[in-house]
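Below: the structure, in structure tokens.
So that you can tell them apart, the chains are marked A, B, C, D and E in the order they are listed, and the count of residues begins at 1 in each.
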């Protein structure tokens, strides 16, 4: 029982460990020039120095803030929208063009458009990330609803639940496993776009700006350290969902 | 009956039309300076000229080729892998870090790494797109398997189907609705990364290179025309899946 | 024919490559030079380090200094591009309708955008410092070059530190007015005719060591191309064809001055050293480096 | 592809007095094959109507349409002058497994219709307690539905349908998964509830004993395209008890049902 | 929380001669509550064993474990010296709806186990035809399962389990959704198949008539933690026909079952 618990807790670490060992191995064998790909130790040192001396922590927090803001907006708008669209296949089909269109357009190509509309401030970065993440969430939620069995919604309806109640109390929960997949895609994507935006749209802070600055002055340990930080952050955000999912979506696959 | 058919065929056009009308409206009212956001007519003309005079068609085809190659690799590798990982939750959890890590890292930040490994040729663009799309497909397929009911797999097993047969004949089909969502996310993402890669790495052709060139010389009609082309291409690729889905995944939600 | 891979950063400073290619100078040396466009300089450096690239047509000087500081003997410049008041590549631009800003000093308290990257920020700020403005006196944000025109026109910024050909296009389209150009030479190096080296042609040391004859032939072809670039106006036709310069401004857009290392005057080398030293002091280059070690005379 | 309109036995166009649900001109086809065409039926108020018919004759489809869960191709169903949405309905799905909410514990599934009806938490708890006591439930209702056995799930499904004192109760093979004792117990329970509340009940069952034992009238359906073969009344006094099963009236009614059933089945077989 | 190990009636540790499935020391608990602990059972070869017991006593769980669909916490099940994977099994799930493949037409569902067994297309078609004829199927097997009524789905599920001439056939409430006539027909059909093939059959049923009518022995289970209350043999000659239902032997066996059942139910109730 206890052993099981420990094993459970350690499972997620296996991948991380294997990944770092592989990284270490590649650099140790010098398969890749250490100037181009620094060792995990060098990157770890850069992270440490960034936290202690530099303002890595600040950049970290700023990026998290932007990501969560963007993601929050995306969820608030696109989960309900996805439920509504998914409930009417015809409605969804009629809007599918726009959804697939923008899903297939690089966020970086849309920067100019967002800049034109929202200016160069903070809001553009958040808006473009919310937009990108929102599309994924919308898409997944709508498909979750379309692919869900209809019996339970019918059951709620026949018990006299209002359409709103059916939607929030049944349809939402019915599509939740897929919606969660969408949210996890969305939170990662939101982080990705925030970082890209920080790289390319006038930013003086955030992980993206650190990445691009480190890259420009060819400070590879710093660059990979920051990328690694971003990846870990992404996993961390996903972890929140994994935990919620385990707690709340116990019925998946039952 | 016939009316229904026509309505069905026209449904997808509604969104596209609304989108173009909105675009036209915004530029017509001059809410946004036409130098920054050209009208749909101007962009249409640019597309026309690109097809007739320029080599837009060639760039189009090159981008399609790269996208499909990357996507094909991603599907071939990641659907089976997703089935295997999804069948064992513990295995998936142990690798989840790596999957979520890379899902949360911008492809553009990974270009240096891919360049280091694969050099500056064509293969890098395809590899990085296949990698990005593959992660999404893997993630969706694995969750499709995890969230699928287990009864049918049990039924196949008890009828004496080999594990391989259960996987390909039942697990795959059981998770297909979600796998399809993953594939559609993947094909769009693959297109996005190919375009971004064409913008960034060693490319003398493709839609991405057109976008960046047009952007550099501030040829906005050409830029938006190309982006529009990319978006339509993305919808087109999705359309293939929508059609296949309608034909083959008739049991979704039943 | 010997195969050579050359990294390109698509900008007007890549012109020598296109001249040599189109006018057959490479072919005359029996070279098959493949140009590989890469959108950021670090990717070019990476290619040179790894050996995917043998040379680069226009690699930022600070990138070169940096990699050589990190990893001595990685690459050497065999030609440099000088910019100064006569060859104005960089400039401060203000909206055309704005008449209140007449000198750099008037930028006090303004919102400024700069070309992106630490190198550009370094010079954009360095110039203003030399003009007497402290960093606190203005706000500066970097922006992708592609949004400079839109952002200036949209009124989101009061001024832009930007580069050719954007400067010319802003002026030609009536969006902006050039406040002052050739800033680095004048303000940071102290002489209007100083040679501010922002980029140059580079070869990897590995390439030069392993295929010295090929390197030499490449340099010979290159020298011819530089000569055309400096003196033949018709070479500019290539700008709009290959280097993302609008046809309207291509004939007149200012370009930097190209020289092979052997043609550089000692003062110009000293200018180069000066600029690199300032960058080093600013933390942009890891450690102090003697620029002569990264120059190769052909 | 319209089959000739059947004249439903005992269903004049104008609803008979005491009718609760009036079905008129019900038409439905699947994949171009007609299931119902112009089907008329009156379901009397405050009585138990059993529906008895072969597999696939459209029993589930009919009650689904009447309860508004499936669109009709044509026709209408009226609820004693009220609209469907004003009527409190209880419904036990044939497919009970898919109709329970797996995200709610069994007990919360039972309380769900009470919540919908706007009852307070106290009222919900009280009613749930009452149900648990009355059905003498011996398994843990704090489990999730997917942790219950088939019969337990069906029992929860029945309790849920009864929670709100419905005006009309649809029961689609409600006892199919219950054990021997529970089935007997539930028949009597249902009868008790009926006597106490006079709820209109529509019971689909393949167990002829059960169908007749509980019913005021047994609706005998034919194979598709579905008609009413006959409506057999069974007027034995309530409460009916196990002895009823051996009473003359019961045996007569059952025999009549069987005869109609055999006749219809044979007739179709001959025709086929 | 270990309940005292029950001594299973009629199940010595060494399998009785003619045993097909030997279950020894079966242990299973859910959520910390024991369901089986040290359960022993011998299922005789070439006989029909009915399992009769209250809802939630673990009938489905037991046959699921024996068929390898659910892991045991402890214990083992042996198949006449063979391993489970070498044994051809037919299985009708209580949850038949979720066990059919919705991506295959009904007819292809039926052919699936034949395909698995490596039969050619021709053989599959021939066997499917044979089944369709033998079951006198009158609905369209080219429909997808979700287009069928509950009873039709169950019928398809039964046909699928019979397609490959299994050595052991597990039937978990296989007739629960079938109509009156079909149920009678299927009982006889199953008996015919049994007589022709002597397949070992394990039948879970809540219909005591059915359980006894078909069985060579009826396994009476108690409530959880589950023990064998009694094994009632019924040796009437086959083929059994409707007349059997009125024979003395039948009435005796049924009465004995009922008595055991009542006694067990009462005993537990008193204990509870």
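Remarks
Methods note: contacts are C-beta pairs under 8 Å (C-beta built on N, C-alpha and C of every residue); 3 or more make two chains touch, one makes a residue touch a chain.
Because the structure is a prediction, the values reported are computed rather than measured.
Touch-path distance (fewest steps) from chain A to chain E is 2. Chains making contact with chain C as well as with chain E: B. Taking the CA centroid of chain D as reference, the farthest chain centroid is that of C. Between the CA-based centres of chain A and chain B the separation comes to 17 Å, rounded to the whole angstrom. Chain B and chain D have centres, each the mean of its CA atoms, that are 49 Å apart. Separation between the centroids of chain D and chain E, computed from CA atoms only, is 29 Å. Note on chain placement: the centre of chain C and the centre of chain D lie 84 Å apart, centres being C-alpha means.
Among the residues of chain B, those in touch with two or more other chains are 33, 36, 112, 116, 149, 199, 215, 254. Residues of chain E in contact with at least two other chains: 95, 98.
Within chain C, the positions touching two or more other chains are listed as 40, 42, 46, 50, 146, 150, 154.
A complete list of chain pairs in contact reads A-B, A-C, A-D, B-C, B-E, D-E. Residue ranges of chain C in contact with chain B, taken from their complex: 5, 7, 10, 36-40, 42-43, 46-47, 50, 52-53, 145-146, 149-150, 153-154, 165-166, 169, 173, 240, 244-246. Chain contact summary for the complex, chain E toward chain D: residues 30-31, 52-56, 58, 60-61, 94-95, 97-98, 138-139, 143, 147-152, 155, 173, 176-183, 206-208, 223, 261, 265, 272. Contact residues on chain B toward chain A in their complex (touch as defined above): 11-16, 18-19, 32-33, 36-37, 90, 93-110, 112-113, 116-117, 136, 139-140, 143, 146-150, 177-178, 181, 184-185, 188, 191-193, 195-196, 199, 208, 211, 215, 223, 227, 230-235, 237-239, 242, 252-254. On chain C, the positions that touch chain A within their shared complex are 40-42, 45-46, 49-50, 62-63, 66-67, 70-71, 74, 113, 116-119, 141-144, 146-147, 150-151, 154, 156-157, 283-286.
Of all residues in chain B, only 149, 151-152, 154-161, 165, 170, 173, 176, 248-251, 254 touch chain E in the complex they form.
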